[in-house]
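There are structures below to look over.
What follows is subunit A paired twice: with subunit B in the first complex and subunit C in the second.
Right after this comes the complex of A and B.
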């Protein structure tokens, strides 16, 4: 045979032909031969001395945390205590930071601006809009994140997260999704965009799509502060003060669990309708427990997560602050753009147990969930015209403690129902723009991106409406 | 002696520059590229951190590194770029992360591939190591978590293992920084060509397919006379690996010649 007689495709044609001849066993026998040789080599070089110790620590813990009966309660308790510590611990430093950034530096900047004669609108856009939005985000977000992330990272380093996945695996498979979705869901608790990327660990495209679409049902860290603050005001205050922390922590955990529930329901309906198919099997390796290195964990979780997320929030908060100031100050016939919008959507919003302010805040906060609460507060001042707080329309004002926030929201017509529905809507609404973009990058399909974006909003509106109707019947 | 080695290697980096650039690796400031492969949860990212001095967060769960992380270090005046590949159990199946790892090692032809394996699970981890050795000639085995192995009273004859596999084997405990200097030296030795690997190859006797593999192998050898390890490519073709089929069809596979 001569070289030039071989065409480009002749090798492949031969391979295709021979593939039929060697049959299905080929892949298995290849793997088998690799395994066999690995075993031979390993036997040659590995010696195990003596017997393993009688008491296997890892096995002992695993028996408890992955047990059918104790696994879920332990998971619930661990999560609840993490939130409880966050809620209790974050309140005081938040006030402290706010008093520095908002009470001290903001007036200083204002004085500086007026002393060098900067026009009022530039002053307003930059200092009352951009700077205050940033200051708010820092004081609302930094303390809970600085407490929550290290604790979560410690759990992760210890090796607990794969056990969560192990516990959830069976349920995910039963709804027709991939067991590894339990892992991507857990990652979503940190950041949905990261969770969506993590779905690459799922081999089957069908199951990967399900994991991507439902990742938004994991409360991400941009939404934890909203949950924690609203739960503290509206749920914590329903019970005597000593139990306030526990009640609000329980409320936050319930919303998080509700999110897991919705991710299961949606996975199930997707795998029964547009993404039909069987769940594929996989093996999940439970890594050994490793004692976390506390100091390094504190360092990395502060640098990689807390500051990273905070930076992102600030980057989005500044332009959003400018937008807020503008919609609050650009008037048409004496009424601001914000008020036009709020009046327009209020009838619908109130009907589903929210209000126009919340809807507008969620529109402005599409780039980052982190700024929802500051936006809500600012808009509430604008609409209710509460005096004594804030210093003019479009200014994010000083509220040093939760009681002030609570008073303000109640003056704005908020009820317990508004609080509950805001927590639900914060769970069930569109992903932030970063996540939407990531979904597109991962799926390369506008159709699935659109579904992943719109589905949660529809569900949010439906659930809020349901809760509002029930609330009105029973109260 | 040393300066001679430096001269020699400065003239002949083994990596495939065109393909590396295509794979998104900027090599403009680097002499060598090192790939980091291994099973999930073997401490790959910790090894990556100790080699680079970066403090990327490493989580204790499988699948932490998705996609690729990159870093760099300088050793003996040479600049190394190191690419942390996603942890995989094999290079045979078709999930995205296995493809990323496989394509990088095969088409990027890194100067050194460091295979990080869990010393407490040597046998299972060797499966991947053997597969990596099928597609590259230059590798170092990093026998990580050697402290955990010691705790479990597992002893590994690393010198014998090195002899069998034909590549350097370095026991490390990356979390404690044990063995990292030795690992750096081995990486340098393999990259600079002062250590010549004789990688272990899976024996050609796979039940019932020998004839088919040989036939494709013969054709490949004829068309691409300089291609290293045509037998492995023949195996992949026989199995219907689309990426390899495309590479053979387009002739891209010929770029692997070095």
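Right after this comes the complex of A and C.
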């Protein structure tokens, strides 16, 4: 036994001595020889024929999409049409789902509940709270994602998206990020949770964290309706009616561009500060173009992306719906919890150019940005006591007529400043709980999750405060 | 009212006293520990300096030690006395030598320092200038166990990113083998290992030129009558007779001395080249990724496409297209096809 041990040690000692002779870079030589061997084998057994023309086709497309003059317009047109088809195409199915889930099933459930004498509070918590929040999230979230993700995946499958990363890399390199962040950012315009998951395509640890943390600066699908509504009411009104549409569209686009700007600035400062020491290695493969596999793409994008994200959203929406109903209906000395909270934060909220209703809406509508506006409307009715709109306290609703919304909000004390700041705050606030949870799942770190959550909200409060101060100075 | 006041003052006094004298967490204890730590750092740094001197065959004096530790000579002589009491150093006249225990202690510190530098180089993006500073702090902190785990994680590397050997777990380090200055080839870079002090005239001539052990030199040109070297930005001419007194250690592996300085970033789109090597500054994941793509010496690579903003560039290598940034292709050495 003892002899054996000595023997082992002498082997290790010999090995250690030999290592000094081999040198530190023997891994390189190892890989080099593996490649050499593989090449010898493949030369012997692999024959290629008629590959030339296929290759020239790739080269032709590559030259067009990376050309100085045609590259950007093509990219812009392709991505813009994806967004356009998503927004236009989602309208009808969204309305359909809403009419079934919200306008038909919701009253039916209410009637059913009252016919079998379920106490009003259980009925309220479950049907007006949990069910309605879920129905809302499904109807607003499902159609755009079901359209956006397959189209995006088709572009990816075709081989175009890596070229976008290739073209955009120069900008992202300057801010310490990876060109593929252009893709995760674009994905974020569909849904931030999906954008965070998409950051898996970046294999360098530092750049991946940057992409994850800054994804929230992409204005997601759930925030576009808020932006459009508020811009129409508060920005469109500032100019003569004929230009109203253009002005509000311009305002929404500027907010989205501001988001891209912030994502670059934040990427830069993250890579220079907290993420300075994280390992970083660039790699980007440009796969050959190939006809997209349409059925497979539809399946994977619907199941893996759409339903996956939707499921997480529903899981968070139901408890949030219950909380929303409760804060509006639990009264202490005749005043609801919501009103207590709104009165408490109002001084601070008004100081930064928002109001207590907005703050509360963002706190309780954390599962999905989609339900922020319904919650704001419901809370405004609750606080102002306006009658004739909505369907009872704690029940979220939307108004079909934009003038009614405008009147209701102005009755709630909203000014142009409130509108502008809400648009900014909608861009710069914590990610929805689905995204926060996804960030945690992807990074496995509370530290980065917390940073990704708190950084945008701090920025939002700071920017709103600045805008409010400037507004008060100049008006 | 007054009673209450007294109680409050008493409580306050007790909590302040507790804050200062509390065992382990109290201020006094913390202060003591910081002092002990500082003392430990100074002792370890002194050992390290002594080792460096012996490794480079120079003599350590009290002056050089206090210079290295940036303390007064009085303080450093106290440190030496302390080390002597611990049996780590021995004094012979004015010269200070390490005992075998002292040497292995010093090597342990150097092992941590160099491993940590290797770790920073391979696994983080911390800049080169900061490695040494951070390693100076870390070398006094890690326990034996942590060091061995770190070494295992790094694959028990032999050399730190500067090319210096890392002592092994059994605190062994290969002897430095010096060669004659005249044995160097033109363009070689080497560290002066030893300057022979006999005959004295030659020695004083060499020291008056400003040469001393530890300096990095580069051989520019050599012939039978003259040897021209570059040393700390200055060019010096040394006659061959003088040069026999200088022993040097070449720096960098021979595999690192790549003849071609033409880089991949220089070839225009459409041109082919053969890879001859990867720069040493491509490290860790960065290097592994490139090797995975098949970017290894001997591979044919072709520039295929420039991004619309000019950087990165796509290269065709072994049937796939890979985009590389300029700061990567700057570090890949090639030989052009037409020059082969």
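Please note the rule applied: the second predicted complex is superposed on the first by the 246 of 475 C-alpha atoms of A that agree within 3 Å, B and C clash if a C-alpha of one lies under 4 Å from a C-alpha of the other, contacts with A are read in each partner's own complex, and residues count from 1 in each chain.
Everything that follows uses one rule, which is that contacts are C-beta pairs under 8 Å (C-beta built on N, C-alpha and C of every residue); 3 or more make two chains touch, one makes a residue touch a chain.
The structure presented is a predicted model; accordingly, all values stated were derived computationally and were not measured.
Visitor: With the two structures laid over each other on chain A, which partner does A:188 touch: subunit B (first), subunit C (second), both, or neither?
Guide: Touch partners of A:188: none, neither subunit B nor subunit C.
Visitor: Once chain A of both complexes is superposed, is A:206 in touch with subunit B (first), subunit C (second), both, or neither?
Guide: In the superposition, A:206 contacts subunit C only.
Visitor: Let me test your reading of the model: by the given contact rule, A:31 touches which partner, first (subunit B), second (subunit C), both or neither?
Guide: In the superposition, A:31 contacts both subunit B and subunit C.
Visitor: Where does A:14 make contact in the superposed view: on subunit B (first), on subunit C (second), on both, or on neither?
Guide: The answer is first: A:14 touches subunit B but not subunit C.
Visitor: If you count the residues of subunit A that each partner touches, which comes out higher, subunit B or subunit C?
Guide: The partner making contact with more of subunit A's residues is B.
Visitor: After lining up the shared chain so the two structures overlap, which partner does A:277 touch, if you call subunit B first and subunit C second: first, second, both or neither?
Guide: second
Visitor: Given the touch rule stated above, what does A:45 touch, subunit B (first), subunit C (second), both, or neither?
Guide: First partner only.
Visitor: Looking at the overlay, does A:68 come into contact with subunit B only (first), subunit C only (second), both, or neither?
Guide: second
Visitor: Is A:170 touching anything from subunit B or subunit C once the two structures are fitted on A? First, second, both or neither.
Guide: second
Visitor: Give me the intersection of subunit A's contacts with subunit B and its contacts with subunit C, in residue numbers.
Guide: 16, 19, 25, 27, 31-32, 35, 203, 284-285, 287-288
Visitor: Using the touch rule from the top, collect the residues of subunit C that touch subunit A in their complex.
Guide: 123-126, 156-159, 165, 168, 174, 253, 255-256, 278, 284-287, 289-294, 296-299, 304-312, 314, 318, 320-325, 328
Visitor: Which positions of subunit B touch subunit A when the two form their complex?
Guide: It comes out as residues 40-41, 55-57, 59-63, 66-67, 90, 92-97, 120, 122-124, 126-127, 129-131, 148, 152-158, 160-161, 164-165, 175, 200, 202-203, 205-209, 212, 215-216, 219-220, 222-223, 234-235, 237-240, 245, 248-249, 251.
Visitor: Using the touch rule from the top, collect the residues of subunit A that touch subunit B in their complex.
Guide: 1, 3, 6, 8-12, 14-16, 18-19, 21-22, 25-27, 29-35, 37-39, 41-42, 44-50, 52, 153, 156-159, 161-162, 165, 180, 183, 197-198, 200-203, 284-285, 287-288, 290, 293, 296, 299-301, 303-305
Visitor: Can you check the complex and tell me which residues of subunit A touch subunit C?
Guide: That would be residues 16, 19-20, 23-25, 27-28, 31-32, 35-36, 59, 62-63, 66-68, 71-72, 166-167, 169-171, 173, 179, 203-204, 206, 276-288 of subunit A.
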